[in-house]
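Starting off with a structure, shown below.
To keep things simple, chains are lettered A, B, C, D, E and F as they appear, and every chain counts its residues starting from 1.
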Amino acid sequence: MSGRPEFSHLSPEDAARMVDVGSKPVTSRRAVAEAWVSVGAEVAAQLRDRGAVAKGNVLETARLAGIAAAKRTDELIPLCHPVPIDLIDLTVALEDDRVHLVAVAAAEAKTGVEMEAMTAVAVAALTVYDMVKSVARDVAIGPVRLLEKSGGRSGHYKRAEEASDADR
Amino acid sequence: MSGRPEFSHLSPEDAARMVDVGSKPVTSRRAVAEAWVSVGAEVAAQLRDRGAVAKGNVLETARLAGIAAAKRTDELIPLCHPVPIDLIDLTVALEDDRVHLVAVAAAEAKTGVEMEAMTAVAVAALTVYDMVKSVARDVAIGPVRLLEKSGGRSGHYKRAEEASDADR
Amino acid sequence: MSGRPEFSHLSPEDAARMVDVGSKPVTSRRAVAEAWVSVGAEVAAQLRDRGAVAKGNVLETARLAGIAAAKRTDELIPLCHPVPIDLIDLTVALEDDRVHLVAVAAAEAKTGVEMEAMTAVAVAALTVYDMVKSVARDVAIGPVRLLEKSGGRSGHYKRAEEASDADR
Amino acid sequence: MSGRPEFSHLSPEDAARMVDVGSKPVTSRRAVAEAWVSVGAEVAAQLRDRGAVAKGNVLETARLAGIAAAKRTDELIPLCHPVPIDLIDLTVALEDDRVHLVAVAAAEAKTGVEMEAMTAVAVAALTVYDMVKSVARDVAIGPVRLLEKSGGRSGHYKRAEEASDADR
Amino acid sequence: MSGRPEFSHLSPEDAARMVDVGSKPVTSRRAVAEAWVSVGAEVAAQLRDRGAVAKGNVLETARLAGIAAAKRTDELIPLCHPVPIDLIDLTVALEDDRVHLVAVAAAEAKTGVEMEAMTAVAVAALTVYDMVKSVARDVAIGPVRLLEKSGGRSGHYKRAEEASDADR
Amino acid sequence: MSGRPEFSHLSPEDAARMVDVGSKPVTSRRAVAEAWVSVGAEVAAQLRDRGAVAKGNVLETARLAGIAAAKRTDELIPLCHPVPIDLIDLTVALEDDRVHLVAVAAAEAKTGVEMEAMTAVAVAALTVYDMVKSVARDVAIGPVRLLEKSGGRSGHYKRAEEASDADR
């Protein structure tokens, strides 16, 4: 169907491919993604009981892991381009018995930084999981998703409001 | 409280740390994890319309990315040990308008392969997201979670049945 | 001898060195390289017998490995510069009982992408080898070589015609 | 056909997969691979003119690159297992106007080190190419191939004699 | 001279080489290394003024960087073997206006973990430097050195006492 | 205190963070760092006795390791940005019984290349240590420090003269 969006990572012959960004202009790119980790009541209680430093060290470790992984997005995601990252900003906070992770990625580049933001929160969430798994086993990660994106040809995207709190 | 499980990755002084596995025996370790990616009706339809090869190449790319990432788990997750992986087996299938990813990780090691299985499905899910994001923007990843684990001191763990289908 | 080309990666004192590209202009760089893998009659027959998907998965795996490796050229080749890759396009096809791999690399950069194209086909060829080695042992890779290069100070280079088919 | 060797890296459903080596015994594995780089008369002459140190530094750089790459074989080749390498021994010598590279890989492991030896010579050959490409453009790599392999279930393999000198 | 110790990483022909550890027994290896970073009075004062969390986050970031780097020692140091690390334990403390870093590395392996301990403290020290360089420019790293080593053929080594405090 | 320099890698809430370089101009950056390795009389004597090639291969291996590590600075140092390196120039020389390493890093970038120069000399120094540790055990690395830096907002920095020879 004309105008129907297509998989940019599949060639007309259905081979996986990188998108050729050679003729795209360099623009200021920005993307925001979030992840949630349901850690359960016991983990949340221990984080609170052990206070700022314990909580800090669990969540700081996750933050640093997410930042590091975002810088390697093009190594992890096969068809991503290397991007000259200006910023990965990652906040991690305990909300009730879920950990909420939000990453902002920014670059001046020919291609977006959506995957950098997604990778940051996903790997940080895996790290939260690793840090707490000795206390609780039924920890689950999700949703991991894009909140906002700007700088590309398709304009500014912002996820509809309710999504960021009502789900799960 | 005595017997209360503790964060193995925090020292008594709350510093993030690796667990010393020096005195642990080498045993056969196995872990199974899953991830879901809600791709929406349009992506699911296009994958079906373009048939086996197109679908194969989207999902094969994700599988290979997940296997590769699992082999680098100790680089991504700060306090994980390197593990001599015997197997990462990753299946990726379209179920209605969600992609379901299941990874089995196995090794003979002093430490478990839970994070290897979790990393495999999480990075494969990120790759599915990357492969379809030009068609749909509200794709979300989750839940990502452990289904089963064996070989460690704490015996065999299996997630309660309902969890694998009723959520979200 | 004046005018005799010199090893740019050796200093006057014969120390291995990076080339200083600080004062070079950023231009559009493009390179094309090829590799051949002689897989033998049995492998070629099985790839054909097992049809599109089997062949697809052997050759797709090789393509993805080549693309991933090309993005890490500066990690593999000691004196290469990091390059902001715009495109790695890699085609892999069975021709009689040889697999033919052709990579196009492109970037806007101070330095060429010749090694990126060479690395893409070389690592993809290693992966073809790995994928078929359980069926045939006398598989050989080669030639691996540059076909075309443009964008640098030395102008457009194209390998003489006969080279691409008559050898070996 | 019964007894016909099969692609170990394809599942019965033709999905690319790792081989499960969980039940394989740990044995002493050894593999030898070679690569040739046809550098042409001018490069060979300059290497000889500039004497031991210059030649040393070109070929030493290649040797170190090959050793480093062999240690990362499982990152480069998607379905390879990580292997606890005991040795990568790589010799690089100028023979007329070709560079001859031979790598020995050894490990005590459940799986062979064939790909480690192949990767060592292939990446070392790419590095020779990179080191001399400013002097000659029609440099070609190949053949790259296995010479010998032992320690696996299929016994000792040694490539037929003539192969190592008569080709190309 | 007979009995004179030799460079194990140079062949009789002076080529850089890996040591063949194929016939060495697997033993319990342990190494301890330290590094010092002279940060100056202003940095030390600010770390103290900003209290536990700020100091924690500067030094925790360094600790995590050191642990991560130690796991990649064989990628950084060309002739090191991959080692199945059981533990990297890294402590980082402010002493007057110097930061003191001590790493313990442990593994059951054919080869020692001295370079893992050295790499841990060296990269952690670089990270301390990076974290404080906006405040003080004349920060210097050193000495970085081995304190203790055991498990190898040459027995237990312990650096003479005075070395750990009187120098610099 | 107003004007007091602050830790750029800590947020006002003391979380470790990347600096947002999005609005910084691209300028020519250059940094020079040095490291010293005290190898002792025996190592120094053997390097001299074994002549140019042995010394070359020990010191060349260190140089190549330092160059390779500098290209991966943003992977090693958690809050560093990826930088499009134009040059890493690394010299390594034996001076009495110390090895002196000096690295120049250069790039056109929004952020400096100080950490690239520091990482180059630090990892090269670790490699010297590794290459000679079979001959002498009390080898120590240090000082590792910045000599010069230019291209940033804070102007040209040059370490005071005496520092480069009188210490230790």
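Assume a contact is a pair of C-beta atoms (placed from the backbone, for glycine too) under 8 Å apart; a residue touches a chain by one contact, two chains touch by 3 or more.
Remember, predicted model here, so these are calculated numbers, not experimental data.
In terms of residue-numbered contacts, B-E and B-D present the same interface, as over half of their contact pairs agree; the other options in A-E, A-B or B-D do not. Across the assembly, the mean Cα position most removed from that of chain E is the one of C. Measuring from the averaged C-alpha position of chain A to that of chain C gives a distance of 33 Å.
Remark: chain B and chain F have CA centroids separated by 38 Å (rounded to whole angstrom). Within chain F, residues 15-16, 53, 57, 60-61, 64, 68, 78-79, 82, 84 each touch two or more of the remaining chains. Remark: the chains found to touch one another pair up as A-B, A-C, A-E, A-F, B-C, B-D, B-E, C-D, C-F, D-E, D-F, E-F. Within the complex formed with chain F, the residues of chain E that make contact are 4-10, 14-16, 36, 42, 46, 50, 53-54, 57-58, 60-61, 64-65, 68-69, 76-80, 114-115, 118-119, 122-123, 125-127, 129-146, 157, 159, 163, 168. Residues 52-53, 56-57, 60-61, 64, 68 of chain E are the ones touching chain A in the complex. The residues of chain F lying in touch with chain C in their complex are 28, 60, 63-64, 67-68, 71-72, 82, 84-89, 91, 106, 108. The residues of chain D lying in touch with chain B in their complex are 15-22, 74-75, 78-79, 81-82, 84, 110.
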